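What follows is a set of structures for review.
Both complexes below contain chain A, partnered by chain B and then by chain C.
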Partner chain A sequence: MSEISKPWLQARFPLLDSFRSTMTAPVLPREKPYLACLPILITGALVFQLLSGLVLSLFYDPADGFDSVQFIDRNVNYGWLIHGFHETGTTMIFGAVYLSLFRALWLRSYKAPGEILWFISLAQFILLLVIGYLGYVLADGAVSYWSLANTVSGAFSLAGLPGGLGVWFFGGPDGAGTLPRLEVFHAVLAVAIFGILLLHFAAERGLAPRENRGVGLHPYYTSQIFAAFVVYALIFAVLVFFAPHLGENPLNRGPANPLVLPVGVTPPWYLLSISNVGHAFPGTLGSVFAVVGRLALLFALPWLDRSAPAKPPGFLHKFLVFVLAVDTILLSLAAMHGPSLLGSILTVIFTAYYFFHFVVLLPLTTALEAR
Partner chain B sequence: MAEIAGEIVHETEVLVRRDFLKILNVAAGAVAVGAIAWPFIDALNPTKDALAIAQPIIDVSGIAANSAMRFVWMGTPIYIRKLTDGQIAANQFVVPSSLPDPASYTDRVKPGYETFVVVIGLNTGTPCELLGNDPADPRGPFDGWTCPCDGSVYDPLGRVRSGPAMKNLAIPKFTFLNDAQIQFG
Partner chain C sequence: MRRLFLAGLVLACLAAPRVQAEDALNPPRWQSEGVFGTYDKAALQRGFLVYQTVCAACHSANALHYRDLDGIGFSTEQIAALAAGVKLSSGPATLDDGFKNPYPDPAAAAAAFGGAIPPDLSTIVAARPGGTRYVYNLLTSYAAAPGDLALLPGHYYNTAFPGQQIAMPPPLKDNQVAYADGVSASTAQEASDVAAFLTWASAPNLDVEKEIGLRAVLFLVFLSFIAIATKRKIWRETV
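Entry: the complex of A and B
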C-alpha cells in the first residue's frame, strides 16, 4: 500500500495510527485487579491538581499568604470550590499513594525484578510528601506558620551538609523571602513529579509480561479504568462537598501569629505518620535521623525481605503487613491533637514497632517462610 | 423460521439498548466535564469587587449648568459637563462637515439626557488635561475647553474647533441609570 492511498491525515501525521495500534495491541493479561489502576488514577488526580493549582497561583500572594487564601475563598468566583478541589485532591492523592504502598508491601512487588519500580514509587512518595508539606505551609495559617518556623530554625541549628541544604532550601531565616521561594518550589516539584510518573510507567511497562493471546488496553482496560475512576470521583465529590477540611488542624484556619504558639503544631493527616516519627526522637538531629531512617528502611526492603522472588507471600507476612498498616494509622492518631503524655508514650511505642518490623520481624518471618 | 426471526429481533433490541446506553453515557459525561470545567473558567473572570471598582456609579445631580465635574476612572480624567440652553443653541445646528472631525450634536450626547456631555478630558493632540471645567477657566472662543499645552480649542460638546489636535474628545463607555446616576464601564 503506497503512502498516498492512506487517508489524508494519517499519511501526513502517523502519530494517530501508532497511537491506535498501541491502544489496541492485544498484549495485556486477560485480567488485572482494580487496584492496579491506582497509578493511572494518581496521574489523573495530579493533572487535576495541577489545574486547580494554576488557578490558585493566579490569586495567591506569598507576601500576604493567609489573606490571599481568604480572598480566594470569599471573593474569587468559585474560589472556594477550586481551593476545595486542591485540598481534597491532596487527601485523595495521598490516600491512593498510601494504598498503593500498602499493596506493594502486601504483594511483595518490590522483590526482583521490581526493585527499580519500587524505588521510583518511593521517590514519588517522598516528592509528594515534600510538595504536600510545602502546600500546607503556603496556607500561612496559625499552625503552618509555626511548623515552618520550627523547621527553618531546626535546619539552621544543624551543622555541615544537612544544615547547608536547609539554609539553601529556605533561603535564610523564616521571613519575607521564605514563602515566595516555597511557592516556586511547590510548583516546580509538582511539575517534576510528572517526570517521575513517566519513569514509573516506563518501568511498569518493561516489567509487564507480554501475552501472546492477551487483550488490548482499549476497550478492555479503558473501561476498567473508567469504572475505577467513577468510584474515585464519587469519593472525591463527597469529600469536597461534605468534608473539605478532612484531617486538617482546625487551628490552621486562623491567621499566622508570631507571638502566639498554637496548642498543637500538627500537620494534615498525610504528614502525621512522618512528623510523629520525628517527635519520637530527641533533638533536631534525632528527628532528621528518624524521618530519614524511616524512609531509608523502605528503600532497603528488597534486601530485608529474605524470601525467594517468585514465591507468593505467606500468611504470616500478610498478617505482619496488616499490623504494620494499623501501626502506621495509630502512630498518626497518637499525637493528632497536640502533645500529651499518653500521646508521647504511644508515639514512641508505635515508632519502635515500625523499626522493629523492618529490622527484625520482616527478615525473620520471610526467611522462615522461605524454608 | 420463527426462531430466526426471534433471534434477529433480540439482537436488534440489544443493539438499540447499547446505543441508548452509549448516548446516555456520553451525554452525562459531557455534562460532568462542563460542570467541572465551568468553575475553572469562571474563576479567571474578574472578581465582583474588581468589577465594582471598574464600573463606578457617579452622581451627576450636583453638577451646576455651565460647569463640569472631573473624576479619575481607570487612570484617565473624565469630564461630565452640564450644558446651558445657550450652549446647546449655539452648537446644535453647526453643519458637521464644516468641522475638522465631523460629528453632530446627537452624536455627542445620549438620547434623553441631552444636557450632559461626558468626555475623556485629555487633549487629542499633545496629551494634556484640558482647562474649562470651571466657568472662570480659559474656555476659548467656543465656550468649551482649551489645551494649556498646544492651544487646541474644543466646543462644549467636546468637538475640536481649532489647533494642532485633529480629533474630537473621546467618549468613555457609560450608561445613564436615571437622571442623577451614570454608570461607567
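Entry: the complex of A and C
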C-alpha cells in the first residue's frame, strides 16, 4: 500500500496509526486480576484530586484557614461538593494505596526483580502521607491546629540535621506564616507525585513479561479498567454523599483555638497507623525513630524476606501478612478517640508486634519455607 | 414464604415513619438522622425561633448569614423582616449580613462569663461527638449537683457535659417561646428543635447532598453492571 492510498489523515499524521497499533498490540498477559488496576485507579483519582484542589485553592485563604473553608462550604456554588470530593478523594486514594501495599506484601512482588518498583511505591506512599498531613493541617480546625503546633515544636526541639530540616520546612515557630507556606508545599508536592507515578509506570512496564500470544490493551484491558473505575466511582459516591467525614476526628470541625487543647489530638484514619507508632515511644526523638523505623523496615523488605525470588508465597507467609494487616488496623483503632490507659498499652503491643513481624518472624518463616 | 417476608418488610417501612411522627421526643429522634435523613423544615423553623430568642443572646454563629435562612423554608420577605428586627451597630441587619455576634470581641465575651467564652454555634453539631443528640442531651441534662460535689464558682451541674461542670446556665425552660404552629413548647421540645436547627447550621446542604447522592449511586450501580458485563463479553472472545 503506497503512502498516498492511505486515508487522508493517516497519510499525513501517522501518529494515530502508531497509537492504534500500540493500543491493540497483543503483548499483554492474559488474566490480570482487577486489583492489578489499582495503580491506574490511583493515578486517575490523583488527577481528580488535583482538579478539586485547584478549585479549592482559588477560594482558600491560609491567613484565615478555618473561616475560608466555611466560606467554601456555604457561599461558593457547589463548594461543599468540591470540598467533599477532595476530602473523600483522600480517603479513597489512601484506601487504594493501603490495599496495593497489602497486595505487594501478599504476593511478594517486592522480591527481585521488583525491588525498584517496590521502592517507588513506598516513596509514593510516603509522599502521599506528607501531602495528606499537610491537607489535614490546612483545614485549620481545633485539632489540626494543635497537631501542627506539636509537630513544629517537635521539629525545633531536634538538634542537628533533623532540626535544620524542621526550620527549613516550617520556616520558623508555628505562626501566621506557617499555613501559607504549607499550602504551597501541599500543592507543589501534589504535582510532584505525578513524577513518581511516571517512574512507577516505567518500572512496571519494564518488568512486565512480553507475551507471544497475549491480548491487546484495547479492548481487553480498557474494558477491565473501565469496570474497575466504575466500581471505584460507586464506592466514592457512596462515601461522598452518605458518609462524608469518614474516619475524621469530629472535634476538628470546630475552629482552631490557641487557648483550648482538644481531648484527643488524633489525625484522620489514614495517618493513624503512623502517628500511633510515634506515640508508642517516649519523647520527640523516640517518635521520629519509631516512624522512620516503621517505614525503613518496609524498604528493607526485599532483604528481610529470605525466600527465593520465583517461589510462590506459602501458606505461613500469607497468614502472617494477614495478621500484620489486622495488627495495623488494630493499631489505628487503639488510640482513635484520644489517649487512654488501655489505648496506650494496646498501642505498645501492636507496635511491638509490627517490629517483631519484620525483624524476627518474616526472616525466620521465609528462611524455613525456602528450605 | 419469601413473598410474605417482602410484604412484611414493605409494611414495616410504611409503618416506621408514622410511629416516628407520633412522638419524636420519647426517645428523642430527628428526621435528619440516618443514611437517608432529610430536614424537617417545621422543626428547623421552630428551632430557629429558640435560637434567635435564647441562644443568640450569648452565642455567635459567624459562618451564617440571614440570607441562608431560605434553606429552612422562610421566604425572602420573611427573612428580610426577621433581619430588620436585628439591630447591628451599623443599623438594622440586611439579608447579606452575618448573624449578629452578641459581643464586639472575644475579650468582652470572656469578661461577661468569667473567662468561659460561649462557643460559636455555626459548626457545633459537626464538631461534637454525638452531634445532634449531644446538643439535645446537653440542654436537657441539667440537674442538682450531688451533695459531695463542690461546684466551681459560676458553674452548673450537667451530666451530659464532659467533666459535668458547665459555665452555661440552664438556657431553656417550659414555654420560653410561643410556637406559631401550636406545638407545645416544653423544654424537651425546645431542645429537640434547637438541636435540629443547629444540625442544619452545621450541614445546610444535607438535603441536596442526599438527593444528588441517590441519583449518582443509582446511576453508578447500573453502569457498573453494564461495565462488568461488557468486560466479561469482551474477554469471552479471547479463547
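Observations on the model:
In this text, the second predicted complex is superposed on the first by the 357 of 371 C-alpha atoms of A that agree within 3 Å, B and C clash if a C-alpha of one lies under 4 Å from a C-alpha of the other, contacts with A are read in each partner's own complex, and residues count from 1 in each chain.
The rule is short, and it goes like this: a residue touches a chain if its C-beta (ideal position, glycine included) is under 8 Å from a C-beta of that chain, and two chains touch if they have at least 3 such contacts.
Model, not experiment: these values are computed from the prediction.
Superposition of the two structures on chain A leaves chain B and chain C fitting side by side, clash-free.
Of the two partner chains placed by superposition, A:289 touches none, neither chain B nor chain C. Once the two complexes are overlaid on the shared chain, A:220 sits against chain C while remaining clear of chain B. In the superposed pair of complexes, A:156 makes contact with neither chain B nor chain C.
When the two complexes are overlaid on their common chain A, residue A:263 makes contact with chain C while staying clear of chain B.
Which of chain B and chain C touches more residues of chain A is settled by the count: it is C. In the overlay built on the shared chain, the residue A:102 is in contact with neither chain B nor chain C.
When the two structures are aligned on the shared chain, A:58 is found in touch with chain B, with no touch to chain C. Within the superposed three-chain model, A:82 lies in touch with chain B and out of touch with chain C [touch as defined at top]. No C-alpha atom of chain B lies closer than 7 Å to one of chain C in the superposed arrangement.
Comparing the two interfaces of chain A, the one with chain B and the one with chain C have residues 75, 81 in common. Interface residues of chain A, counted against chain C in their complex, comprise 30, 67, 70-71, 73-75, 80-81, 84, 141-142, 215, 219-220, 223-224, 226-227, 229-231, 233-234, 237-238, 240-242, 244-245, 250-255, 263.
For chain A in complex with chain B, the residues that touch the partner chain are 51-52, 55, 58, 75-79, 81-82. Partner chain A is touched in their complex by these residues of chain B: 38-40, 42-45, 47-49.
Residues of chain C touching chain A in their complex: 35, 62-65, 68, 119-120, 122-124, 126-129, 131, 162, 202, 204-205, 209-210, 212-214, 216-217, 220-221, 223-224, 227-228, 230-231, 234-235, 238.
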